[in-house]
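In the two complexes below, subunit A is the common chain; its partner is subunit B in one and subunit C in the other.
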Partner chain A sequence: MEVESKKAMVWLLPCMVLLFIVDIIPFLVAIGESFRALSFTLLSQRGQWVGLDNYRKALNDPVFLESILTTFKILVPALSIELLLGLGIGLLLAQFQRARRFLMSIIAIPMMIAPVVIGMMGVLALNSEFGPIGIILRNFNLVEKAILGTSLAWIAIVILDIYQWTPLAAIIFLAGILAMPQEPFEAAQIDGASSWQRFLFLTLPMLKNLFAVVLFLRFIDAFKMFDKIWIATEGGPGRTTQTVSIYAFRHGFLRWNLSYGTTLALLIFLVSFIVTYLFVKFSKV
Partner chain B sequence: MKRKIKCLLIVFSSLLIMIGGYSYSAFAWSLKEATEPWRGKTLRMIGESLPPLQALEEVKKEFEKITGVKVIIEMYGHEEVVERTTTDLVGKTGIYDLLDNPHRELGRYVELGWIQPLDKFVNETKLRDPNLDLEKGFINRKWLYETCFYKGKQYGLPFHQISMYLWYRFDLLENPQERMVFKAKYGYELPSPPINWKELRDVAEFFTRKKGETLAGKILDHDFYGFSITGKRHVATWYSFLNLLYSFGGRVIDQPRGDTKGPVILDSPEAIEALKYYVDILKYCPPGTLTYGWDEEQAAMQQGLVAMGINWDDATWAVCDPEQSVVAGKVAFSGVPIGKEKIAQIEGWTYMIPSTSRKPELAWLFIQWVMHPEVQIAQQLRGGESAIDAVYYDPRIRKLPYVPTAYYLKSGKVIKVRHVGDPDPGGVPARYLEAINPRTGNTEVTRVPKPTFPEQEPITDIIKLHVNQALRGVMTPKEAIDKMAQEIRSIMKQ
Partner chain C sequence: MLRKKKWQEAIWILLAIVIVTLALGPYLWFVMISFKDRTDILSPTIRFLFKPTLSNYPKIFIDREFIIFLKNSIIVALGTVAISLIVGIPAAYSLSKMPVVGRKHIMFFILSSRMAPPITIAIPLYILFQKIGILGHYSAVIISHVTFGMALVVWLVKTFFDDIPSDLEDAGRVDGCSRFNVFRYIMLPLALPGIVVSALFVFVFSWSEFLFALILSGHDARTMPPAFPGLITPHGTFWGQCAAAATISTIPGVLLILLFHKYLVRGLTFGAVKG
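Let's turn to the complex of A and B:
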């Protein structure tokens, strides 16, 4: 067994070295950077040691705290709807025997599109002068102006995220549904359980772990959501769609305050890490 | 007498030797020989995906043919170019041998030692094309200084020199029926083009119409708008605001040149008036204006949805191209309307050689080649916006409808004048040409520099956020201006 494990280590070593170089070293450098003041626009900040100043500044930065709220404002409805819709589509697809594979590949298309393209599609579709959806919304007096230019822009971002990621939830749920043992369902049917009762007391409990997996995967991803928003609104109008990632990017790559931008990115990582830890600890998956 | 003749002979002989020597060196220098060490190699550059660079993508083939060097041009959106460039420069990865970046980045790149001064290339005989005069020949020295020099030293050559100006549908503004109705409603002749902000507001209001109404004798099958401007939280909105600010007589910072720092003077009554006007004019713009960057504004004009807009002269090529625009041949060009000043904002993208360039000499040889008038003409005919004066003496360039006004704003020289009723869109509108600049008391255009020192980037970000907030109605113009000034002072430590 020990020999086997040594062999495995030899095979894994190149990967671990690569991971160390491209992942761990930059991460450690980033941590170091967060204790310094380095800016490419404010030339008095040449990388001098400032201790925890950047962290103090971030935790007292009302715009950063606002960006956390904005992140959750987008994330909570997006994830909730993706879970529900994904479950519904998964259940529906499970009914099809022959067309299932074909339908799955069609439904999965948005997931395969780069988030940047999804953002572009959103901008074009929602444009109030040229975009089909934008024109419909305006013709029905649902919005007076282009939605991405109003305080409702976050809803458009939610819809774009649902469009892109519901297929992932659907595919995971479908896999789970197809893998369910049939015996409990047959027994319940013999006992006279209605289809609603079978769904409520058999299907849902059996999919409980998958719910947790989907939620976990999507939370980690959605918390860092960037590309779509950047392309669609750059965090605007005003700060309406300025999520934590957009805010960190803005400091790091528009204002070129590298240390502060890095500190914000590390705080985002910290939140994701805590969620992962809690998930692993309590989910029993 | 003999002595005089002898002296003359000596002077004459010296002249002959000098001229001969010059001719010899001019004859001896060749691009092919100078680039020989890099034959078969690649030169990689980065720039903005717009007609001028797309034009260079075509034109560079000649360079590749002569030298055997492959030129790869990476094109991205405005802000992405700066991000990618900075990432390359910070990481010292040397991906790019040559940069084409907005000139406002000059200070940051110079102060951080990221780009090289050009004197070492200019003074190197082997690399210097004697047939090219880099001292003279530019359309405007001040413009060249602002876009290519930093604190007295040259760090670049102009990729182009551009400014924003008014695009207007002269077919509508000069329609006899529309003119009659306008006069009856406003009590004065429909101005074509509007040359001040009051006229612009009136014309914008007049042409804003609903689907089903009549426009120049035709029933509209879509809503039509008098004006378009950018409003997104994007660098485009910063530029748009500067047009208004400068014209209304305000400035962000009191500075004689872009590379000098002065006190922040943004919180002035002029700035508040400018932003108030910006907010107010939105009611005559398409409903999507707050999502508009340049591309969307340009698309609105190309699709025939608006009567006027203020946009870049280097984007105009696509508006005048019948394959891309339903209004080609119907759009004429004037300066930004006049408030307390008749202005043009100085802007341009600049060729810069990074300190990390792996082939700096080759990069220099390439930009030196590009600066030749014949290359510039080829580029301009495909969508460029040249900084070389000789280009504008070519009859093919003079015929381009958007050229005369763009050239006038930068050089002060007039290729052609356009009068109301001219069927040809080309020419500086006579009204604008003759309009007095209240700041100077004559008809000269004031060319306003913008900050190029390193702190300009966060300043730009602050302005675009708060202008966008004011446009949304979340802040009043005064609140937005005060907030901007306060944050900018904090950055400038004032």
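Let's turn to the complex of A and C:
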């Protein structure tokens, strides 16, 4: 056994070394950077040691706290609707026998389009002069100009996210529904349970783990959402769609305030790390 | 009773049509834009009947040199796939079939590199790559993409190795095959579908990735995604050209789905859910 596990290390070694180079080293650099002040624009900040100043600044930065709220403002409605709609679509597709695979492939297409392209589609579709949805919104006098230029822009981002990621929930739930054992359902039917009761007391509890999987995968990705928003609004108008990733990016690469940007990015990482850890710990996956 | 069933079926079909339209409609609409000329696109009513034109494609790819970004995208994606597979497959194999000490921790460690927000790694990578002078080279973007690609390969290919009964391996060992030959001649061919699927998922990921490419690719290695925002300007965007470039960019993903929909769920959930 001892020898075998040493041999296993040989197979694992390249992977571990590479992870060390691409993950651990940058991570350590990030931590080191967060204790310093490095900026390409402020000449007084040439990387001198400042201790916990960046963290203190971040936790007292109202715009950073606002960006966390903005992230959740987009994430909570998007994920709720994706889960519910996905469950509905999964249940629907389970009714089909022959067409199921075909339907599944078709609805999966939005997931395979680059998020930045989805954002671009949104910009055109919502254009108030020649975008199909923009024209409709204008004709109903819902908004006077393109929605992406108003304080409602976040709703457009939510809808783009729903368009792209509802299929993920749908096909995962579909896989779960198809894998369910049939006997309990037959037994319940014989016992006189209505189809609603069977759904509530059999289907839903059996899908509990998959709910966790979908929620986890979507949370991790939605929390760091960047591409769609960057191309559609760049976080604007004002700061209405400025999520945490956008804010950290702005500090890092537009204001060239690398240390502060890194500090913000580490705090974002901390959140996803905790969520990932809790998920792996408490789920059976 | 029979009547009710028929009704129900009709409703299911109707709903399915609505959902397919919602999923496919926006995509087809955007593809259609790429075949429209400027007056058709800018009309205040949507024109379904129009004279299709191919002119947007040469305009964006040749006149505006998007073909360079396309080439860069291909190089970066292929490089990412190659490294992820070479390093990821042996790791997946050992995590599946060998007594690895601390397997769960190692798996978690590998996963966390997938879960980390790109911005967390991007800034330090920028600083590091600038120091060693590879900022703006293909290698810079490829290295950043491998963080994700390798994690996907390990997690996904491992589930395919898990599916192969250990008896097969034991039989090979009893017959005097070395560990490597068992891997090479028994396990690898059996896990081949999983390897191909992982490779495609990694390809599509790298092909679509935005933030790392934006920060690390500079001008010379710029892939397609970070080149898109530059096409949208407040004063007259050439939407036909945007749509043409976007249409080409969606081809690998759509192909992946059409060819490998069987493994879609598995790939998207890192092997956690088998469809």
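Remarks
Quick note on the criterion: the second predicted complex is superposed on the first by the 275 of 285 C-alpha atoms of A that agree within 3 Å, B and C clash if a C-alpha of one lies under 4 Å from a C-alpha of the other, contacts with A are read in each partner's own complex, and residues count from 1 in each chain.
Methods note: a contact is a pair of C-beta atoms (placed from the backbone, for glycine too) under 8 Å apart; a residue touches a chain by one contact, two chains touch by 3 or more.
Just so you know, these numbers come straight off a predicted model, no measurement behind them.
Three-chain overlay on subunit A, with subunit B and subunit C in a clash. When the two structures are aligned on the shared chain, A:Arg255 is found in touch with subunit B, with no touch to subunit C.
By the document's definition of touching, neither partner reaches A:Ala169: not subunit B, not subunit C.
By the touch criterion defined above, A:Val116 reaches subunit C but does not reach subunit B.
In the superposed model, A:Ile159 makes contact with neither subunit B nor subunit C.
In the superposed pair of complexes, A:Leu92 makes contact with subunit C only, with no contact to subunit B. Once the two complexes are overlaid on the shared chain, A:Ala37 sits clear of subunit B and of subunit C alike. In the superposition on chain A, contact of A:Phe27 is made with subunit C only, not with subunit B. When the two structures are aligned on the shared chain, A:Phe269 is found in touch with subunit C, with no touch to subunit B. Counting residues of subunit A touched by each partner, subunit B versus subunit C, the larger count belongs to C.
Of the two partner chains placed around the shared chain by superposition, subunit B is the only one that A:Thr150 touches, whereas subunit C remains out of contact. Two complexes overlaid on chain A leave one subunit B stretch from 135-143, 297-305 or 333-341 clashing with subunit C, and it is 297-305. Common to the subunit B and subunit C contact sets on subunit A are residues 123, 129-130, 253. Touching subunit B in their complex are the following residues of subunit A: 40-43, 123, 126-130, 134, 138, 144-146, 148-151, 233-239, 250, 253-257.
Across the complex, subunit B meets subunit A through its residues 79, 83, 86, 90, 108, 111-112, 231-234, 286-291, 296, 299-300, 303, 305, 454-458, 461, 465, 468-469, 471-472, 474, 491. Partner subunit C is touched in their complex by these residues of subunit A: 1, 4-5, 7-9, 11-12, 14-16, 18-19, 21-23, 25-27, 29-30, 33, 38, 89, 92-93, 95-96, 99, 101, 103-117, 120-121, 123-125, 129-130, 132, 135, 163, 167-168, 171-172, 174-176, 179, 210, 213, 217, 220, 223-224, 226-227, 230-231, 245, 248-249, 252-253, 258, 261-262, 265-266, 268-269, 272-273, 275-277, 280, 285.
If you check the complex, the residues on subunit C that touch subunit A are 12, 15-16, 19-20, 22-24, 26-27, 29-30, 33, 41-46, 83, 86-88, 90-91, 93-95, 98-101, 104, 106, 108-113, 115-128, 143-144, 146-147, 150, 154, 179, 204, 207-208, 210-211, 215, 224-226, 228-229, 231-232, 239, 242-243, 246, 249-250, 253-254, 256-258, 261-262, 264-265, 268-269, 272-275.
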